[in-house]
Amino acid sequence: MVNFGVIGYGYWGPNIVRNLIAVEGTRVLAIADKLAVARERAQRANPGVQATALASDVISSSEIDAVAIITPVWTHFELAKAALENGKHIFVEKPFTSTSAQAEVLINLAARKNLKIMVDHTFLFTGAVRKIKQLLQESMLGKLYYYDSARVNLGLFQHDVNVIWDLAPHDLAIMDYLIGESPEEIVATGQSHLNALEDVAFITLYFPNQVIAHINVNWLSPVKVRTTLIGGEKKMLVWNDLEADEKVKIYDKGVQVTNREGVYDLLVNYRSGDMWAPRVEPVEALNLELSYFVDCIANDQTPFNDGQAGLRVVKMLEAASHSLRHRGANRHTVSLNSTTWRQLPQTAPQLP
Amino acid sequence: MVNFGVIGYGYWGPNIVRNLIAVEGTRVLAIADKLAVARERAQRANPGVQATALASDVISSSEIDAVAIITPVWTHFELAKAALENGKHIFVEKPFTSTSAQAEVLINLAARKNLKIMVDHTFLFTGAVRKIKQLLQESMLGKLYYYDSARVNLGLFQHDVNVIWDLAPHDLAIMDYLIGESPEEIVATGQSHLNALEDVAFITLYFPNQVIAHINVNWLSPVKVRTTLIGGEKKMLVWNDLEADEKVKIYDKGVQVTNREGVYDLLVNYRSGDMWAPRVEPVEALNLELSYFVDCIANDQTPFNDGQAGLRVVKMLEAASHSLRHRGANRHTVSLNSTTWRQLPQTAPQLP
Amino acid sequence: MVNFGVIGYGYWGPNIVRNLIAVEGTRVLAIADKLAVARERAQRANPGVQATALASDVISSSEIDAVAIITPVWTHFELAKAALENGKHIFVEKPFTSTSAQAEVLINLAARKNLKIMVDHTFLFTGAVRKIKQLLQESMLGKLYYYDSARVNLGLFQHDVNVIWDLAPHDLAIMDYLIGESPEEIVATGQSHLNALEDVAFITLYFPNQVIAHINVNWLSPVKVRTTLIGGEKKMLVWNDLEADEKVKIYDKGVQVTNREGVYDLLVNYRSGDMWAPRVEPVEALNLELSYFVDCIANDQTPFNDGQAGLRVVKMLEAASHSLRHRGANRHTVSLNSTTWRQLPQTAPQLP
Amino acid sequence: MVNFGVIGYGYWGPNIVRNLIAVEGTRVLAIADKLAVARERAQRANPGVQATALASDVISSSEIDAVAIITPVWTHFELAKAALENGKHIFVEKPFTSTSAQAEVLINLAARKNLKIMVDHTFLFTGAVRKIKQLLQESMLGKLYYYDSARVNLGLFQHDVNVIWDLAPHDLAIMDYLIGESPEEIVATGQSHLNALEDVAFITLYFPNQVIAHINVNWLSPVKVRTTLIGGEKKMLVWNDLEADEKVKIYDKGVQVTNREGVYDLLVNYRSGDMWAPRVEPVEALNLELSYFVDCIANDQTPFNDGQAGLRVVKMLEAASHSLRHRGANRHTVSLNSTTWRQLPQTAPQLP
């Protein structure tokens, strides 16, 4: 039995609690939130659980094994550090921390105390991302060409982070998992309109072997778009997360240059074949992720969405924000030998 | 009566000839193409028209008043210069020229000889762009926030130009017409995969007053996308050029920051109202454009899509290509006092 | 305070209970279900509520004021009759009863005892249907021409009723509410494939003044369709219930015959104007319906979705099933003077 | 060389002429149209072709081998009869004739004189219909359950025929080809709104073995719909003719009843698997059809879209119109032993 405490019962916290309760072998013992109204909601929905105003009640409880930290990003480091120091495993809302230095402190601390860190990159547990990962591992698309993602809508303005820190963690975590390589350079552009925080941004990531990724995030779009194009030498893929039934489509389409003799003799062949939409398992991603976390604790295994995965996303967010502030001019060069990218697992893990 | 000669009868040339013939007050006297097969096609479709292998036959003909140059971009300058020197008005396929220096030579030459230059920015004559221009002039959207355009598909690979020079002229010409301002800086990223020419590219343009534009062009997409989002303070607009009936949709949606006291007291209001798809006039854009050209010649007026408009697009293409070659690092700063942007007309012209 | 008992805790019952609890001024005291597993679920989700295997426990409880009957249609009559005889108001899942005779018995019984009947035509409380009703009342579409609805998907096969009795109650209730007239004749066709129950059916309803309605219901469709076209003289409307944001679209399109001199001089004018998608209130339909039921009880008012509304739907289901069994041949003629249609309210009611 | 004459140069005639000219081994010698403006258009577009006001000039010309009759349906019989009597093969616009009696006269006349009749069921030559026919022949869908088609839009009102005779010939010809069986009974409902001609209609066709077809045709729809669902035991198919790229989608979805012991023990299994959109050959249907006609003449073969195919469609149109006039009541029973359905070929023909 893994006993959980949850800190933060705002928008996402109730989902965490509900799903934690549904996972076999877990209990939620306490929920902390500063706001009385949140505590009342927590109490009404979960009569047997202690509701407290103090995070320290959760962190210091001797009955609690693991703490879920579902608070704004600027609070993650202090809470996570205290929890680890008190010997708790931690499940932390994305993005992991406000800085990569903070993430490294937490990773080292957890390693020393043999505690688990999981960063809540929920999308990695959806049927769509798992299916795409499987197809990429099977080399269905051939050599990868590009990854182009758009995540735009009329967004929930954050008070403390710009649109990159709010929306791009999803795309960066997915891209990191699917491409499985360290980016070489990161260029970002964008603009703020309503206050100092950028609400529209465009991130380009250069990878080795001519792979390029692009992420378009926007809080000011009248329409919701959640589309990712992945182009490869053999096939191309479109993932539209807003489609109810056929989220992932694979196109047997491509271009081949067959003759490179002279620039005007270049022969380009277009291939246009069938389209195929594989069945995507209708899993509850958050439930699967939390079951996996409990599994990792029980079996002393490192989750693939661990602190290192969280750190990689934070590093990319830092690089993008830095470039954005200089209108793309100061592109950020990522060290290819970076330790954290060497932790990137190449295959999809078995999940419970 | 305006007598036309046409140089180039490949993919687009037949459309130009067919539409020129349909315009009242014009005749097509001669068609030049190096390829025998193109000349045969031209002859079969237009029995009374002279088909010649030599562009000089068209350029030097004393019967011809205006020359349409529908050839690859690297040939534009020499052909256009010769035509102007021979006293012909010119209609030039986009992009206008390979360099801005060439464009300036042609503009000055035409001015000295009082000849008209029209650059074939066909999209400016579509019902959709004309409707959007009208809405922007009426301040329907309020203060402009961003312009975000995607033009992707499995593309016709060009032998001599990259995806920016092939696809972005459309978007840059439309954006130039709709925004009506000089960009301050241009940042571009992208990648080549099949040969030395970039097939995927992303261009960001910074304008004054926090207006930002972004253009996504891609030759390697399995699906065709032709979508532009335009965000404003009061309303937001989506133009999907692939929709048969409702190409332009205006959303009465928005975000307003009403309280700036402290960062955590920030009150953001979301407005979500009706959507409205105005009827878009089903005009034949190319026919309208060519009628307008004939009109401008007849009435000695300068078209709004003149050499200056062509030059502005070429300057932006040069800037984007320069930045692209440096992975976004060397962003290009555009002079705000640039003569050519001062030529930008602020209102949509009356068309025939 | 209105105290409720709920009979039936299968697929829909939990939604009823959850929403009843959320309505101000109500309590749920008891839930009856024959299945132990359903009772356990009920108990777990609603710790303070009595769970019983016997419907009679609910019906005879002196503390209970109103009973919600959320069971298969063939059980409705006996349960509803017993509840009314015990002085309870009743909320009955659609379709109201298995026969119109049963419905009439219940209506008369309730009238004698001054008890309320509400039939759960949930769709009438959605933002989309309420918006369409408002537009029709404002004569936005002009004279009505047709109502054409499709409700198809890979359906939950019922054991006891065919696709008409399963899916068409939704459409018939909505159509009854929106058109507000008695149909003159009903023709139905269809076919069974897997057992004796029809899984595909098509219903045509003739109304006075050349109004025609058509309903396409299908349990064997690979794709889900929930679309209704409503054509009028002035405007036309499309309601696509699967669209997330723009469920209702009004087209300023039409056809006008302007000259009837001779058949070959007939001049037909097409009008093609703007499209407009009004904002649809994102209400929780079931919550609104149950609040309205409690309101009707408290204020002694007859709900518009009362027993008569339920009876009208059952009459149309009977007529359609009769015609269906004869392959459309024995069309059913509905009496225009039918009492139940004279109860049809012409305007949308004020809701809480 | 097959020499053609064309009668009728209105909306569709120019397409026929253009495609006939493009077919190898054909010439168009003469075009007849009563209207001077049509003749002028014909002359301008086809300088070498004789344009005449008299159909008899075409029919009696000794140089002409085959006549294309592209006129309103009420003129088909007289023109076709005269052409056959003059020894010409005929290509007749759909629907073949105004009555089945007329069709039979023409079929017998052509048989006696060994002349070819082709009825212009163009859709049978599209890539989509040919692909669906191939899939059905390969039993991809398993036992057929239903065929449900909608063809609605803001239509071109016809002066002389109702919406069934205008739009349904397409669907009936396609259905006849794909199902390859004789319907047993035909039920139709519908309504007129603007004049005496029905503008909205619904046709149900009962086939042997519980196969049912339904056709929804409507001239008063604000949106264009061209969708056909085909349900089978093993798989289900959606053909959306308005999609640019993925017109045909096959769903590995279905329902299976596995236990028929008692009605309440009925076990229904849902199968939900991949979706697959086969590449559809982008053929020019009209060009292929006319090439096939010339082929049939040259090789003395009977086309599959011959007079019998035209007669079958006319018989179904007659039956549907009859039932429609009686509001579905007088359903029409089709003789299973009908000669014309015995002519129905079971396999798709080889085309040029």
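To keep things simple, chains are lettered A, B, C and D as they appear, and every chain counts its residues starting from 1.
Methods note: a contact is a pair of C-beta atoms (placed from the backbone, for glycine too) under 8 Å apart; a residue touches a chain by one contact, two chains touch by 3 or more.
Bear in mind that the values here come from a model prediction, so they are computed numbers and not experimental data.
Set against the Cα centre of subunit A, the chain with the most distant centre is D. The centroid of the Cα atoms in subunit B and the matching centroid in subunit D are 43 Å apart. Per-chain Cα centroids separate subunit A from subunit D by 53 Å. Put simply, the C-alpha centre of subunit A and that of subunit B have 39 angstrom between them. Each of the following residues of subunit C touches two or more other chains: 223, 245, 272. If the chains shown are joined wherever they touch, the resulting network links each chain directly to all the rest. Per the touch definition, subunit C reaches subunit B in the complex via residues 245-246, 252, 272-279. The part of subunit D that touches subunit C in the complex is made up of residues 145-146, 148, 152, 154, 157, 159-160, 185, 187, 189-195, 200, 202, 204, 206, 210-212, 214, 216, 218-223, 229, 231, 236-238, 251, 253-257, 260, 263-264, 266, 268, 270, 272, 323, 327-331. Of all residues in subunit D, only 47, 223-224, 242, 244-245 touch subunit B in the complex they form.
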